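The first chain written gets the first letter, and so on, giving A, B, C and D; residue counts start at 1 in each chain.
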Amino acid sequence: MSDVSAVKAALKSQVIETPSWGYGNSGTRFKVFAQAGVPRDPYEKLADAAQVHRHTGVAPKVSLHIPWDQVEDYPALTRHARDLGLRIGAINSNVFQDDDFKLGSVTHPDPKVRRKATDHLLECVDIMDATGSPDLKLWFSDGTNYPGQDSISDRQDRLAEALAEVYERLGEDQRMLLEYKLFEPAFYTTDVPDWGTSYAHCLKLGPKAQVVVDTGHHAPGTNIEFIVAFLLREGKLGAFDFNSRFYADDDLMAGSADPFQLFRIMYEVVCNGGLAPERNVNFMLDQCHNIEAKIPAVIRSVTNVQEATAKALLVDSDALATAQRSGDVLAANGVLMDAFNTDVRPLLAEVREELGLARDPFAAYLASGNQDRIAADRVGGTQAGWGA
Amino acid sequence: MSDVSAVKAALKSQVIETPSWGYGNSGTRFKVFAQAGVPRDPYEKLADAAQVHRHTGVAPKVSLHIPWDQVEDYPALTRHARDLGLRIGAINSNVFQDDDFKLGSVTHPDPKVRRKATDHLLECVDIMDATGSPDLKLWFSDGTNYPGQDSISDRQDRLAEALAEVYERLGEDQRMLLEYKLFEPAFYTTDVPDWGTSYAHCLKLGPKAQVVVDTGHHAPGTNIEFIVAFLLREGKLGAFDFNSRFYADDDLMAGSADPFQLFRIMYEVVCNGGLAPERNVNFMLDQCHNIEAKIPAVIRSVTNVQEATAKALLVDSDALATAQRSGDVLAANGVLMDAFNTDVRPLLAEVREELGLARDPFAAYLASGNQDRIAADRVGGTQAGWGA
Amino acid sequence: MSDVSAVKAALKSQVIETPSWGYGNSGTRFKVFAQAGVPRDPYEKLADAAQVHRHTGVAPKVSLHIPWDQVEDYPALTRHARDLGLRIGAINSNVFQDDDFKLGSVTHPDPKVRRKATDHLLECVDIMDATGSPDLKLWFSDGTNYPGQDSISDRQDRLAEALAEVYERLGEDQRMLLEYKLFEPAFYTTDVPDWGTSYAHCLKLGPKAQVVVDTGHHAPGTNIEFIVAFLLREGKLGAFDFNSRFYADDDLMAGSADPFQLFRIMYEVVCNGGLAPERNVNFMLDQCHNIEAKIPAVIRSVTNVQEATAKALLVDSDALATAQRSGDVLAANGVLMDAFNTDVRPLLAEVREELGLARDPFAAYLASGNQDRIAADRVGGTQAGWGA
Amino acid sequence: MSDVSAVKAALKSQVIETPSWGYGNSGTRFKVFAQAGVPRDPYEKLADAAQVHRHTGVAPKVSLHIPWDQVEDYPALTRHARDLGLRIGAINSNVFQDDDFKLGSVTHPDPKVRRKATDHLLECVDIMDATGSPDLKLWFSDGTNYPGQDSISDRQDRLAEALAEVYERLGEDQRMLLEYKLFEPAFYTTDVPDWGTSYAHCLKLGPKAQVVVDTGHHAPGTNIEFIVAFLLREGKLGAFDFNSRFYADDDLMAGSADPFQLFRIMYEVVCNGGLAPERNVNFMLDQCHNIEAKIPAVIRSVTNVQEATAKALLVDSDALATAQRSGDVLAANGVLMDAFNTDVRPLLAEVREELGLARDPFAAYLASGNQDRIAADRVGGTQAGWGA
């Protein structure tokens, strides 16, 4: 796609969804370091998300996490979002923080616990109805820590049963996004550990079930862009959870650990048609800002995804196809690297200018004074974190 | 399965298939160290396999590799096997050693190369017809070394097309076993890199296509027994390629690097009914003996698989289920570990005695004088290796 | 060492140190699941450790963690330990949970923070003086999350400076144990990431500084027993932190994920003289019991280490040396596997009987009624965890 | 280093050494695909290296590999190099391809084999004398495949003894470079598996022994730039073997798998003074071109290293230090990323122009007609490969 105006148009229409919990406190098992100005409730989280959208122009959607974002009045929260220029994105279920879920949720050996877990998932669909959210995102921490602890195949049966019940409950325009993760918090088996498991379940459930690729949830050495290409080919790529890792599920800013990998992923999206609105791929962030300022970190993550997308759009697909067909390994690789080596920051600055935005959203946010304002305003109360 | 006679019966009926190439020379990219007494042709390889079967009693099947085991007269080779008390197991295709396959075989950009590769696969089915082999084992080294080198999704299309053509050619009682491998010899993408990819293709092909789990072909940290349990639940586990690894695809003797893992794998086989003849899971070895004597190494590998199977059969499944249902993590883990910690060598010695064999196949082979005999006899000619 | 009485003597004299925090609550960043009967203070933690020692006979030492085990009166705590048949083992410093340490402790860019961190380490030496602890165990979570965040080499300078100051403060019979860890909680660089870094610092510090090998702190594929052999050869192996992992630093029970690896590690200890009291290797556990009952989990971990040690002691070293010298790969491997495949539980039961203990410590503890007793008694107060 | 002329000067003075074997055939254990025009002897390899230097201007040194580059008359070969504008770089020993070395070379249990191996190393020093090579590069494939196969610590003793003998033989201006590698071809233990082992040996040997960092020789997740910074701080970084990997030791073109990592490595070199001639860090390539054209692949690798170096030189070190000192994580990371995101190809084109070279060495080489010329000329004879 060498036509600059087409590239710009694609960049203007891309939507990157940010997570409400990215604005709250987070940390490791060793320590959560609180930060000044962190939101105390979902309304303030939305206000922070609105800052990101205001400066980047491409982040109008916000994922919610239940119960962390539980409110009395979802229509009111939805209106609040709309007033801020936002809309509610995926509803993320949480079946890993209740004491009953110590040994599993929908895969727990005890049917009463499974019932409770499934009921929570169904409640999340209610919240989708109330907020207009199109996506139910399911991540299960379910698994075991020790060989023998539970039956791997029984747990699959229980998982399939719960998913089927929730799938049935989905409305016409609602979708189930099934996330996979290699490990953590379970340390021996995880019930949905890889894309194959998620894909197999989604296939049985039907067209409204799709796979979420979280870029931090793979074994070392896994070729993520292969999975992306494969799932797009099968019509089963529902969404991304973007973040970065050097080791395990580090949840660093998207594009910060391996920008070339993010580019290769976005290139597979682009060349397999995944940017087209009708493909309905949801480009979400899912990450933590344990030690860095949160709103600026989300802004940088958004621009990192944009830069990777821009480079992917700049790949000379004709030259690439010619080189590939002729088996010219170095030429083909060279075409891809030419795009990656291009500095796309000027192009994105232009795109933003054309959208009436500042050329550098990161600098613009810092200059806006918002960070000092929220630090001064948000005093007292309980800061939001992974537990609330 | 605590009934000892049932355990013994299961151990007596287990069949472990050995690979013809395990008797030939092998090595790394750095060096192949030749050994004295190595077979010069497929007939001598079968003679070596017969030694393994003679001393273990559970290895009557031999995998062939084409063209390494190409002969003029397959019926003659089959009769030779029968005379040795053996039968022909899986036919392994080889589409990675012809100069044309430098950039791929069935996924190559050039349709002429793809045609050649598919024709080879079809020829392998002919050899199945001629030898009575039930299994076509497909491993594709196809992939790319550099980002951009070829289109990931185009290669999937080409792969699917070739597989469909070969699938159509299969006879009533013939089966296609599709192997996956994370990497090597391709170093960026591999066209069938994981079980999910193999599973998705097999699902589309139909019931005669099943997945092969090679224990050395996964990313670090992958839980192989989970995959085994999942595939058995889906009716898609066709076979194992057993071997061991500490790092990449090291191809060491089965059970030598992580005997506890092999036990866990065999436990999933046992508790998911995978030992039942009607499930038709083929327990193959696929490994190299680069520095150790080959026939004894295969014998040890066979007994290692037997020991893991015996321990898996000894798991007290009632006690395990009780502990699992009650959520007693330590009790459940303890039941499994009790079986693993049991020394099953005396039990297997009894099993062998009851089969009229020596109690210790490894010692019996060494005492048989065969090793000296073949070293003396097999002088001149070209030793078999991966290239022949 | 095939002499059974010598093996038994070695097993009777082995000391395994348990960690006070292993008796408290722990979990992942997602959730800490509290358990009934968990200690509320260091005195109760020692009571739990005494249960482990009472039933195993080999766990008379307890590691403390400061400030989690901070008390007003250390001599009183020490007397309490002595009354329970215990003594204080390593003092573990904690410079990762204070808000000031968000960007590092002894390697922080700000000298005031470094001063505070070093002062804490010096305070730990005071506590060693007060409790008779011989070992100062240092683990630094220090590192960075993002490329560029801080200077790798400046941080090494600061680390060296702090270590030198603390080393100077050590008494005649006090030792510094420097732990390394690949990652977590830092996700880009860790200031002491591997044994080489720890070794290099210890070498410069002097003979009282030695390396701690935590079995869960390595990159995938690392050969831990090699490191153990190397450090013993150099006189720099100070201690183990035993635990198990399938993925990252999972902190599962020692010997539960890869019992063969634990055996290989203990074999290197045995054959390099590491069991000798004058080598002063401290065999500590450092693990979490997130979902399983804590005291029984520690008991199982202790017996797992004992079983690995027993198997290592049973290796026929003469036969092994002969096979190694003659280059007989299979024979040498076979000697090692013979020991590993031996069921040593009867031998250890005898050892315990000779020590006046029950043959099965795990069963004996469960039968003792202690678990119900502490669950009933320890009501109210704040349960101990990683924060206290 | 924001002064453009200083950046240019640094880029002009950087020397990248290319490996003679990179011009020959190579492959995996599965297959070596031969290419047209590959050199038949060391003289032709030097001619190919001269092409790389002619077009890049920074590759005047060539590593030799003995015996692959064994010739009758080393002074003649050295003159040939000089006539081509080249000089002989590191002499690489090979103690892994002789049948005697199946179970090890300098660490082999048999002293006769060790003697033979050490004699080869001494012969390499003779060749250094004859060619003017300053560096003896030692890589040992020595290790074991199976637990128990040999004694880990005895092998260390033997290694130390051989290294000491060779070290003694070194002349005044000669250096020993000790490479480490996690695994392959050994699959259980490797005798020099990590930087710590190499460092410890080099430390004992003395100042003329230094560590080689091969970028493909680490466990997954290893932070290579940390090692680089650490070794530079200790004065023990002797050289790089640059290449790329996605999985194991893939030996792909430098900078092709993770250009951001290569940048981070070069940044540590730059900021720790490693570009200074007096630090004498040898920037070598060590890679294979299994499926791509060889001379162009080496050219691209050289320019990839140059681009990483250029970006590293462009880091605004004052801004970075300010951000680091103030603990501004995002600002510090941003400074680094600004340099990485810069397109340095125009800058390097200018540098080349100022050196009287074509702006694009890759294109210039392709346009030169050399590839067709060597394909036409080099017919007959035996192509060079890893065996010759």
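Following the convention adopted for this analysis, a residue touches a chain if its C-beta (ideal position, glycine included) is under 8 Å from a C-beta of that chain, and two chains touch if they have at least 3 such contacts.
Going by UniProt, the chains are A, B, C, D = L-rhamnose isomerase.
Just so it is clear, the model here is predicted, and its values are computed rather than measured.
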Which of A-D, B-D or A-B has the same interface as A-C, meaning more than half of the contact pairs match by residue number? B-D
Select, from B-C and B-D, the pair of chains that is joined by more C-beta pairs in contact. B-D
Computed distance of Cα centres, subunit C from subunit B, in Å: 40
Taking each chain's centre as the mean of its CA atoms, how far is subunit B from subunit D in angstrom? 38
Which residues of subunit C are in contact with two or more other chains? 103, 145-147, 182-183, 188, 220-221, 223, 246-247, 256-257, 260, 291-292, 329-330, 333-334, 337
So, in the complex, the side of subunit B touching subunit C is made of residues 220-221, 223, 246-247, 256-261, 291-293, 296-297, 300, 307, 329-330, 333-334, 337, 340-343, 345, 362
Partner subunit C, residues of subunit A touching it in the complex: 26-31, 33-34, 96-97, 99, 101-103, 141, 145-147, 182-185, 187-188, 220, 245-248, 250, 252-253, 256-257, 290-292, 386
In the complex of these two chains, what residues of subunit B are touching subunit A? 103, 109-110, 145-153, 156-157, 182-183, 188-190, 193-197, 199-200, 203, 218-223, 225-227, 229-230, 232-234, 260, 264, 268, 271-272, 320-321, 323-325, 327, 329-330, 332-337
